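Note that chain A is present in both complexes that follow, paired respectively with chain B and with chain C.
Right, the complex of A and B next:
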């Protein structure tokens, strides 16, 4: 049997395929037609017996026929609840005074928490412009302000398509000048909350990004992105404390304030893959992270988008995160022992695992200009419940009880 | 600091060259699936930004997705 040589598609065939592709992607076609676009999301976030957050965000985007776009985004976070102070539990009721002068009481045997309330307003802007046929630049700026923190920064990115648009290379960078002004003043590190000054503290952040993505087949695209972030200035958490333990019984005898190094260099390497099955899409990401505080982490993020019909999809997600502790993390300090240069008991810098399960439901109702998305997810964080340096009574307590977190995000996007 | 950055750049370039060097070719008329909005690494940027904000405030790591966005006193 003689095999026929593959027939090269004609221009007519190619146009026919392209037209069919557009017909099969009504969402994309509508988005391209629109000159303006509005995206709205609202987050409802709750930790069991701890922090609650409501965060509405609205984004306006104007698109020009040449591919240029400008977008502005406004977000408001309203945060209430309580967060762990870093102090150790005790066999009796504990009473302490917070940095802002409030008297806090913690039940016996429980991780002490401090109530707080804050509001954060953020404003972000981005201008994207294609140059020539294969170059796209993005310039952005951001400003955010909360009760004790302000951030102001700019960022830029340049992407170029190579190898007949099979390979895209992106380089970018950003700088941010943040200011920290703790309520009640800035305490000296590793002190009994002695206030050093009541002014503000500078924190500067700069980062660079280099990424490449490659089309491997008609259905498969992969990418690799490396980032470096340099932080300097006031990186301490002013409201966190470290317990001083009795060297024999482990009883908390008092608190010292948190103290962290004034520099931190962070690096990350992200591998991404997107694969199109018959109708569904499978997303897979793996990130390796490391920094100069000795934190190392692995993150696996998987999503499967089940296309129920052209306008409806369901996307289950799974994420697993694991990190090592920072070199200066400690569950507590021993009374009478020499103080280290730096120390923190913030559980977020200890050994930590996070498992996230959830799903996104997206639908585009008939005769509606927009698309709705509803994401619901459950997170469970767990740490080292019995750290090796716990002494005496501290060995009886669960020093890292699991934290259950629920988050719901509602989104609506439309073009006009 | 500079040495680590150089190493990271070399690593990303090497990995990019590894995948770029493949002989896979996808003709423009075969990119109908790739043109779909859902065939992007980040098809829902606003939801991703919300997720990143949550994880940034609850974990010690950050980065990988994009250049820095708005700062936050949450961590």
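Right, the complex of A and C next:
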């Protein structure tokens, strides 16, 4: 039974439809007030007597009033210095030749390192677009190239707000196709590197991501993100070697090349918390990582942003990282013993502990259009100095001397 | 606890101002000849500042584009088209479509061409009314049915004008609200000169407290306080601009058919709806019914408050 006047029963509906027709058209808000933003950062990174990195980055972001944005980032890394080859220290001066004909010598009792100089150029782009009020999509692409490595990839992400924006769920994924073409060719794995094949090696990486963040109170937000990454193809480090030790004295008798499995599934779970105090913000993250190479790691990351005044802040940082060794990690191989299927002496796959202390200082000088940030970090990296399978003289050496790493990042951002 | 917003709180200046009130931030500025404000339910000043800058930019953009007092905008171009067709952009076309729907739904009482009548009416609180012939001369240049709207081309007969005054502010509110939604997860209220939109419950399930002003004492005391979580609210009325004639108070809202102010209308009509645009149109359409405003709102199942 219709009690209301049939004349205008749908006035509200008609207006609602008309209003939505007007308001839901994203193109209606013209790009007249588009905002552009430029960020410069320059990273200076130094490992004590090892690698030095200078990495200037410039990022340009264009923002439309409807929340859509496009950003493009160009980065150039200049890496110089020396990296441990994986070989063991020797009681005498060691000398080696590499596939490319370089001759390396190391002082007695020290971890052999190989000097290198590389330049890496990377280009990243991202397009973010909100749909309606609760759905945001992001698509991105990246390309990077250095003299022996190239990476090309795409990624996508979709976020939606649920429960009156109290809960945000994000799903995403990406694929990347990498090519490794070592200088001087690719040595066969676990060989003396006399057999080299020319041409490039493929490496495919795909990943999926599922995350949720929840606002618990107006001050506190927590989140959890899980990722799975599948790597396949050439995952070996062509320049790393493993020492062959004399089974009694431990004296390095020669080197074999590194060899790793051709697949690696990596998983991680990240728990994060952001707590707003009146002006300050406290960030706490914990990450657990595991992979099919038996590497397990824990990371604790704490940051406190102290807002000194509206234009100045100081953000101290503490990070602790600890990692177990890959199942095929070894300090060296024993001469005469049967060779394993895979082996590496790359310290990055061994036991590794890193403590990071740092602080970021952000300030916005009056009359300056932009904001400056200065970040300084000190990292102390250590591993297993006396692994159980060290033999003979190797027991005398510190096989994982702590490394001090310093990084300074200067940034400047402005919008116009 | 909730918050009451009244016109008196909106001390908008030319420069946007951000202040913290209890546990939320209020950003104020002046645009569209009105005090404007945004309330952001956050503890984070930089987030509130970002919301304020989005709101101010959008209010100024809409004002610049649709104000009939500006030169070199689309409205100015249409009003000086001398009978020639003007091709308009997508956003303007959608706004014209909306105005046309309001015109049809109100059976011609809502009309964006009625602004011409202001040439003969002065709502300064005095008692001067125009002569019958002046009004009739004016009415020749009023009436949406005389306009040719073939999207995207609008042809206005010579002497006619359009004016988005009746919907522009509400449009700016909803558009701004949508832009803010893309920037923050905090609850917020956009209030442009009393037309407003609230985005949702505040922290701890608090509502936003919205005051309805006493038309005779703007800013002094709120007659009602509405507890609002989500939606648009708008008020039509004759608060300041009126003439006195034969003992009656005639508000500034004109009936485009008679050329005279709407007679026996309530002092103010406040409506709540899903968007600010709908609330604004419903309150205006109701007000145009004069004495029949209450019945009209009841008949259409609208949530309203009449003073």
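Criterion: the second predicted complex is superposed on the first by the 380 of 416 C-alpha atoms of A that agree within 3 Å, B and C clash if a C-alpha of one lies under 4 Å from a C-alpha of the other, contacts with A are read in each partner's own complex, and residues count from 1 in each chain.
As a convention for this text, a residue touches a chain if its C-beta (ideal position, glycine included) is under 8 Å from a C-beta of that chain, and two chains touch if they have at least 3 such contacts.
In this text, all values refer to a predicted model and were calculated from it rather than measured experimentally.
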Task: First (chain B), second (chain C), both or neither touched by A:276 - done: both
TODO: Classify the contacts of A:176 with the two partner chains as first (chain B alone), second (chain C alone), both, or neither.
DONE: first
Task: Touching partner for A:217 - first (chain B), second (chain C), both, neither - done: both
Open item on the list: Applying the document's definition of touch, where does A:336 land relative to chain B and chain C: first, second, both, or neither?
Closed with: neither
- [ ] Could you say whether A:199 touches chain B, chain C, both of them, or neither, answering first, second, both or neither?
- [x] neither
TODO: Figure out whether A:388 sits in contact with chain B (first) or chain C (second), or with both, or with neither.
DONE: neither
- [ ] Decide which partner touches more residues of chain A, taking chain B and chain C as the two options.
- [x] B
Open item on the list: Under the stated touch criterion, which partner chain does A:405 make contact with: chain B (first), chain C (second), both, or neither?
Closed with: first
Task: chain B and chain C footprints on chain A, overlapping residues - done: 9, 14, 18, 20-21, 25, 27-28, 164-165, 215, 217-219, 276, 281, 307
TODO: Over in the complex, which chain C residues touch chain A? Could you list them?
DONE: 23, 41-45, 54, 57-58, 61, 89-91, 94-95, 97-98, 101-102, 105, 171, 174-175, 178-179, 181-183, 185-186, 200-204, 273-275, 277-278, 281-282, 285, 299-302
Task: Contacting residues of chain A [partner chain C, same complex] - done: 4-5, 8-9, 11-12, 14-16, 18-23, 25, 27-30, 32-33, 65-67, 130, 133, 136, 161, 164-165, 168, 215, 217-219, 276-279, 281, 307, 310
Open item on the list: Can you tell me which positions in chain A touch chain B when the two form their complex?
Closed with: 9, 13-14, 17-18, 20-21, 24-25, 27-28, 31, 39, 41, 43, 45, 55, 57, 59, 79, 118, 120, 122, 124, 140, 142-144, 146, 148-149, 151, 153, 155-157, 162-167, 169, 172-174, 176, 178, 180, 203, 205, 207-219, 221-230, 265-270, 272, 274, 276, 281, 283, 287, 289, 291, 293, 295, 297, 299, 305, 307, 313, 321, 323, 326, 348-349, 352, 354, 360, 373, 375, 379, 381, 405, 407, 409, 411
Task: Contact set on chain B toward chain A in their complex - done: 1, 4-5, 8-9, 11-13, 15-16, 19-20, 22, 24-41, 44, 46-47, 49-50, 53-55, 58-75
